[in-house]
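In the two complexes that follow, subunit A is the common piece, with subunit B as its partner first and subunit C second.
This part shows the complex of A and B:
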């Protein structure tokens, strides 16, 4: 496919209703829907150029943050269906075509997220403390050697038991928080290399809640109080645009 | 509650990870008659390069931290990853290890 330095493409951030007003970006309307777009230089966003840029960490971070930033601003005032980063069309007519062919999906997704926000909840665990709370205290009467052996056995058993308990704990916490939300997703916990924290991320979840509804936050506060002594702590992020709650891939092309 | 995005001045690394996790991995995926789109397999590669300093570190982490079962249930996590990789291979006509996509 040929591309010239002056050609422009259409980068699509997300979908809103046609009546939405959004500053700083364009709307391409079709019927009752509109795509939030920005014209981009294909010298930067063309297929070949993009291949290279994607390996440029600073560029990717900036561009991904802009994508997030636009959606964040729109979501503060309108129901919005976020698209994944990097959806770029050749022609404006391709964008109207998208609104036409996927209109039903977009309407259903808008309905699902209307007047709702995504909150992130991360649950952290101090594993040493948690395992310690499961381990039996060593018996004082034993000889030093035997006490050592018993302690080792205890520690190993506690570690294995802790792994199972942690999985159960994560599922239990997620179930309790899900009951306070309209929709819920548990994503894979981020690894320590990424979080840079000593604690292990036990749960990395997102919840869709009615805008202004504080039940989930209250629920988190309650769980925090109940589980603190086991070495469990909670973190809430957001409100986010509903990135986690618009996936229509299941059973669709 | 912290703001989800502090654009200028740059978010803290942990927050950046939250943003990227959403923007690169979530949201509706459009497939079809798009002239320019990112293949999923490219994004997988991107995530790794983005989030870790070196390729070695990425291999240590495994490429699947964003995929699979959230509750560390290894069996189902692996199956999900395998399915995904198979799908990506078909879609891209590539072997997963072929990073440059040639």
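This part shows the complex of A and C:
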């Protein structure tokens, strides 16, 4: 390939073993590891250009989708360590340097995710319905008048109590689902401004499960049936590449 | 680009899922990277973009 006036960088999607075969993207190999790369135009992906474009929602969405799509296709066939969006090197030799310096981390991460997939579970709650169900369930039999008074008092405490109960509920659900997974992560629930939904996101979790294992899906279905009356609904997505299970910085394997 | 064609996606990927995965997760490499955009906290960049676009939609609606 001849030198052109256009400067190119090396966008890295993820890391696989050197023997992997991947269509549509390049592999930069070093020893037993390979980086999945694509050469990008620095006029678009250079430092300044990128900062500018991150504020362009359509561009961000398209580019993030491409990142996800490449990793999705690779993960269908190979163990892969996803890198975060926007990892770009100036030189090909920088990419081999990465494989060199972080090789042990990548090998450990590949072993952790091999033959496993990530499933996403979002749990949504209709808060009004949940608080109502709390207020409607006095702990003891009471006279009608007493029950009414209690209910009025309960309404005042309802918001505070509900927040506490919601936190407990989220922890409980996550613990039950984690028991069905090899590894689990609870991310911060997304705010309503972002989700655009009336329900509150109660739990925003990811689970690493053996490929083809249906226990987590069955577990979610069981919880959905048990909690539907409380205004709780479950959403399961995947299988995803193991984006949530390769971060070596915060003590994860 | 059509993500729907990806063989193993059950549904079209939403930006909400991308925030949880592509933008906010995955290995972050630092060190001798020349264009260290990984250091930018993309989820906040993304959220700011998203929040402002949600607000715009609301105003338009």
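We adopt the following convention: the second predicted complex is superposed on the first by the 228 of 253 C-alpha atoms of A that agree within 3 Å, B and C clash if a C-alpha of one lies under 4 Å from a C-alpha of the other, contacts with A are read in each partner's own complex, and residues count from 1 in each chain.
Keep in mind that, in the parts below, a residue touches a chain if its C-beta (ideal position, glycine included) is under 8 Å from a C-beta of that chain, and two chains touch if they have at least 3 such contacts.
No experiment lies behind these values; they were computed from the predicted model shown.
Superposition of the two structures on subunit A shows subunit C clashing with subunit B.
In the superposition on chain A, A:23 makes contact with neither subunit B nor subunit C. Residue contacts after overlaying the shared chain place A:203 against subunit B, while subunit C stays out of touching range. In the superposition on chain A, A:239 makes contact with both subunit B and subunit C. When the two structures are aligned on the shared chain, A:187 is found in touch with subunit B and with subunit C. Once the two complexes are overlaid on the shared chain, A:76 sits against subunit C while remaining clear of subunit B. Judged by the touch definition given at the top, the superposed model places A:229 against neither subunit B nor subunit C. When the two complexes are overlaid on their common chain A, residue A:115 makes contact with neither subunit B nor subunit C.
Touching of subunit A by both subunit B and subunit C, each in its own complex, is seen for residues 9, 12, 14-15, 45-47, 50-51, 54-55, 57, 60-61, 64-69, 72, 81-90, 94, 97-98, 101-102, 105-106, 109, 120, 187, 190, 193-196, 204, 237-241, 243-244, 246-249. Partner subunit B is touched in their complex by these residues of subunit A: 1, 9, 12, 14-15, 42, 45-47, 50-51, 54-55, 57, 60-61, 64-69, 72, 81-90, 94, 97-98, 101-102, 105-106, 109, 119-120, 163, 166-167, 170-171, 174, 186-191, 193-197, 203-205, 217, 236-241, 243-244, 246-249, 253. Residues of subunit B touching subunit A in their complex: 1-2, 4-5, 7, 11, 13-38, 42-43, 45-46, 49-52, 57, 60-61, 64-73, 77, 101.
For subunit C in complex with subunit A, the residues that touch the partner chain are 1, 3, 6-11, 13, 15-29, 31-35, 37-38, 40, 42, 45-51, 53-55.
Per the touch definition, subunit A reaches subunit C in the complex via residues 9, 12, 14-15, 45-47, 50-51, 54-57, 60-62, 64-69, 72-73, 75-76, 81-91, 94, 97-98, 101-102, 105-106, 109, 118, 120, 187, 190, 193-196, 204, 206, 237-241, 243-244, 246-249.
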